[in-house]
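Mind looking over this structure? Questions follow.
Just so it is clear, A, B, C and D label the chains in written order, and each chain counts residues from 1 on its own.
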Amino acid sequence: MTPAQIDGLMPIVMLMGIAVLLFTGGHFVSVLLAPKKPSHLKSTPYECGELPVGSAWSAFNVRFYVVGLIFIIFDVESVLMFPIASVFRELNDLGEGLYVLEIFLSFISILVMGIAYCWKKGDLDWVKSYQVSLKNNK
Amino acid sequence: MNQTLVSYLSQYEFYDILLGLFGMNAGLLAFTIYLLFTLAIVGLCATIGGLGTYAERKISADIQQRVGPNRVGPYGILQFLADGVKMITKEDVMPFTADKFLFYLAPMLALIGVFATLAVLPWSSGFMMADLNVGIFYLIAISSLVGVSVFLGGYASNSKWSMLGGLRGASQIISYEIPVTISVLSITLLAGGMSFGTILSHQQGTPINWFLFHNPFAFVAFFVYFVGALAETNRAPFDLPEAESELVSGYHTEYTGMRFGFFALAEYIEVFVVCGVGAALFLGGGNLPFDVSIDIIPLQLVQVTVFLAKALLLYYVVIWVRWTFPRLRVDQLMSICWKYLTPIAIFNLVGNAVWMVMFNGKSVADLMFGGH
Amino acid sequence: MFAQLLFLMSALLTVGCAIAVTVTKNIMHSCIFLLGSLIGVAGLYATLGADFVAVTQIMVYVGGIVILMLFAVMLTGGKDFVSRAQNLLGLAPAMGNKWTYATGLFVATVFLLTNISLMMNISQAYPAKNFGSEFPSTVSAIGKLLVKEHVLAFELSSVLLLGALVGAAIIARPRKQ
Amino acid sequence: MMGLTSYLVISLILFVTGLVVMLSRKNIVAILLGIELILNAAALNFVAYSRYVTGNLDGHIFSLFIIVVAAAEAAVGLAIVIRFFQIKETIHIDEATQLRN
């Protein structure tokens, strides 16, 4: 990008600024207009009328992390594939399509090996609940 | 960057007149033009988002043979304004156990992430605010802020329903980002570039030139994209993060008044954005079905109309799907993403790459009718 | 003009959020400030003309690493977010006694002086006016570099990611007992 | 204002804050957070030098791979943290005293 082209990023910054202004502005108007009658019971966390027991911030199942893990690896691989995909047509017109296809396919095949492994090991199954027993693990 | 709004407008005569008015200060003029257009687009998208809520209720009423909102304005069309006023005047309740900083921040992050995607949306061949080199890639990247905001919204409330909804929502949004990204990758491969200008320039002319009909793999990629986009915007049948029957209201259970309104606004605008991106990537965007050699402003407005028509058609399908299909279970949700959509998307990507090499980048129509 | 403004905003976001990461006691807030800092770095990349790297930064960090960190914080028993013990003047979480701080201060001063002298040299050699060469389109250039010169690194990175996926899945997967 | 030096100063501040986070925290996730800051400082330096000194795109490629490696590092590092928590029920770094249990 040339310095002149950086000016083209102006709308992005503006839109982000508008989002912040809209949020603060709406909040300000709401503070002015809305009634304010706080009570202790009103500001308890909603649990269908029962008083909540304990905090919601407790340890969760590790399945969520495994999903995030598979996601981030795929995310990074797709990031690396984007520039190759953008030049694919150009290089194909130059007659180097087969060479780029080889690189592309070997890259994807390694990616597929990763998902095949996780599939086989059951990381993609949600229901097969992992019985995490902390006491037994010690 | 191929082209910006200002560089597009600078080919017209009135640009020079405006430049004279601004004392030859091109930077100030660019700032003014961008500011006007961003405000216009935010206004337009907020209206579309607001009308989206109205359309949702009206269409659902139609499907379920009810009447739907019909009191405010003609046919109840001003219902969304009434809803907005109601939300502003509602009391702001925050759980005393909540993480106050993150509780404020979460809706703002959602709003920032969604608004920032509007900058690259291709309204027409000329009216693109910024036709970045990395256009579609940027759009996917910045919209992942919504995932963070969903998680934070659930976390900060410190309520069990919210926490479960937030965790579910975040894991669903990030999971379905993969099939969407790989489908978009297929289109990048076919177009030979990530900017919307490049993608649209390959789809000019009759609908047979759309990427939807480029080859069988691209045809399937569209459906993978559409299903993934439904899930990424938490729309039914993938609305598990806010499943009313199990999680009360999911990650925004504790949100009231204005902050809830901003979450809803962000969600409805995001649905419009993914529909617009689907229209631009697969359905030819604002391209007109006949050859347009003269480039005048009214023709651009016609293109904007065509783009909006395609995007809103997809928007209608999204709402239609919502009121037709039952909600999925969590295990079905995950297995659909990782065992069906992602392998199909990867297969499509490989198929597209092989197709490009085998037929030298020609589409089915080119092969049949001998075009190009 | 806008480039300077963008630089200033990104730099303030980066530095401010980075300092906030160090002084925040709540680990969840630290993660969010890290997010702000990373977005600021993406803005800095944009001012350097590296549009692809900037978007990659947002995609991988904001969409991936930060969410993974938030998950990890939640999974490691969300209660102990706030570190209470051993604060530095009640401002920032810290550990060690006064000798640790004295040694650290000394090392930091030496480090800072060395760096300042280095940077003075660099700023004389490469004045601020020098914009270097311009890259009209980094994406296609990076794509060509990745399939030509850096093809080995490209393929090896996929092996690295496969290894990371398999290894991390084995480690994180709960044992059946 | 925008010169090589200013980028280097920002990168230095990022590096130092990352180092401080790494050294002063006892929470393992926070230590990983510091590592991310340090990696970002390095990547920023690469891109800045590529713009002002070498004039080619090799610096971009370097920072791209730094980001890739950072992602892999975070994935494995956080997996270890979670496993550690499952065994010890804490993520205090001082508890990590054994190579095997």
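By definition in this document, a residue touches a chain if its C-beta (ideal position, glycine included) is under 8 Å from a C-beta of that chain, and two chains touch if they have at least 3 such contacts.
Computed from a predicted structure; not experimentally measured.
Here A-B and B-C are compared, and the pair linked by more C-beta contacts is A-B. Averaging Cα coordinates per chain places subunit A and subunit B 16 Å apart.
Subunit C has its Cα centroid 29 Å from the Cα centroid of subunit B. Note on chain placement: the centre of subunit A and the centre of subunit D lie 20 Å apart, centres being C-alpha means. Centre to centre, using the average C-alpha position, subunit C and subunit D are separated by 6 Å.
Multi-chain contact residues of subunit B (touching two or more other chains) are listed as 1, 27, 30-31, 132-133, 137, 155, 167, 170-171, 174, 177, 193-194. Of all residues in subunit A, those touching 2 or more other chains are 1, 7, 9-10, 55, 57, 59-60, 62, 64-65, 68-73, 75-76, 79-80, 82, 85-87, 90, 111, 118, 132, 137, listed in ascending order. Within subunit C, the positions touching two or more other chains are listed as 2-3, 47, 49-52, 56, 59-60, 63-65, 67-68, 71-72, 74-77, 131, 135, 138-140, 142, 146, 157, 161, 164-165, 168-169, 172, 174. If each chain is drawn as a node and touching chains are joined, the picture fits none of the line, ring, star or complete shapes. Listed in rising order, the residues of subunit A touching subunit B in the complex are 1, 5, 7-12, 14-16, 18-20, 22-23, 26-27, 29-31, 33-38, 40, 42-48, 52, 55-57, 60, 64, 67-68, 70-71, 74-75, 78, 81-82, 85-90, 92-93, 97-98, 101, 104-105, 108, 111-112, 115, 118-119, 124-127. By the touch criterion given at the top, residues 1, 27, 30-31, 99, 101-102, 105, 132-134, 137-138, 140-142, 144-145, 147-148, 151-152, 155, 167, 170-171, 174, 177, 193-194 of subunit B touch subunit C in their complex. Against subunit A, in their complex, subunit D makes its touches with residues 64, 67-68, 71-72, 74-75, 78-79, 82, 85-87, 89, 101.
On subunit B, the positions that touch subunit A within their shared complex are 1, 4-7, 27, 30-31, 34-35, 37-39, 42, 87-98, 107-108, 111-112, 114-116, 118-119, 129-133, 137, 155, 157-163, 167, 170-171, 174-175, 177-178, 181-182, 185, 188-194, 248, 253-254, 257-259, 261-262, 330-331, 333-335, 338-339, 342-343, 346, 349-350, 353-354, 356-357, 360-361. Listing the residues of subunit C that touch subunit A in their complex gives 2-3, 6, 9, 46-47, 49-52, 56, 59-60, 63-65, 67-68, 71-72, 74-79, 81, 131, 134-136, 138-140, 142-144, 146-147, 151, 154-155, 157-159, 161-162, 164-166, 168-169, 172-177.
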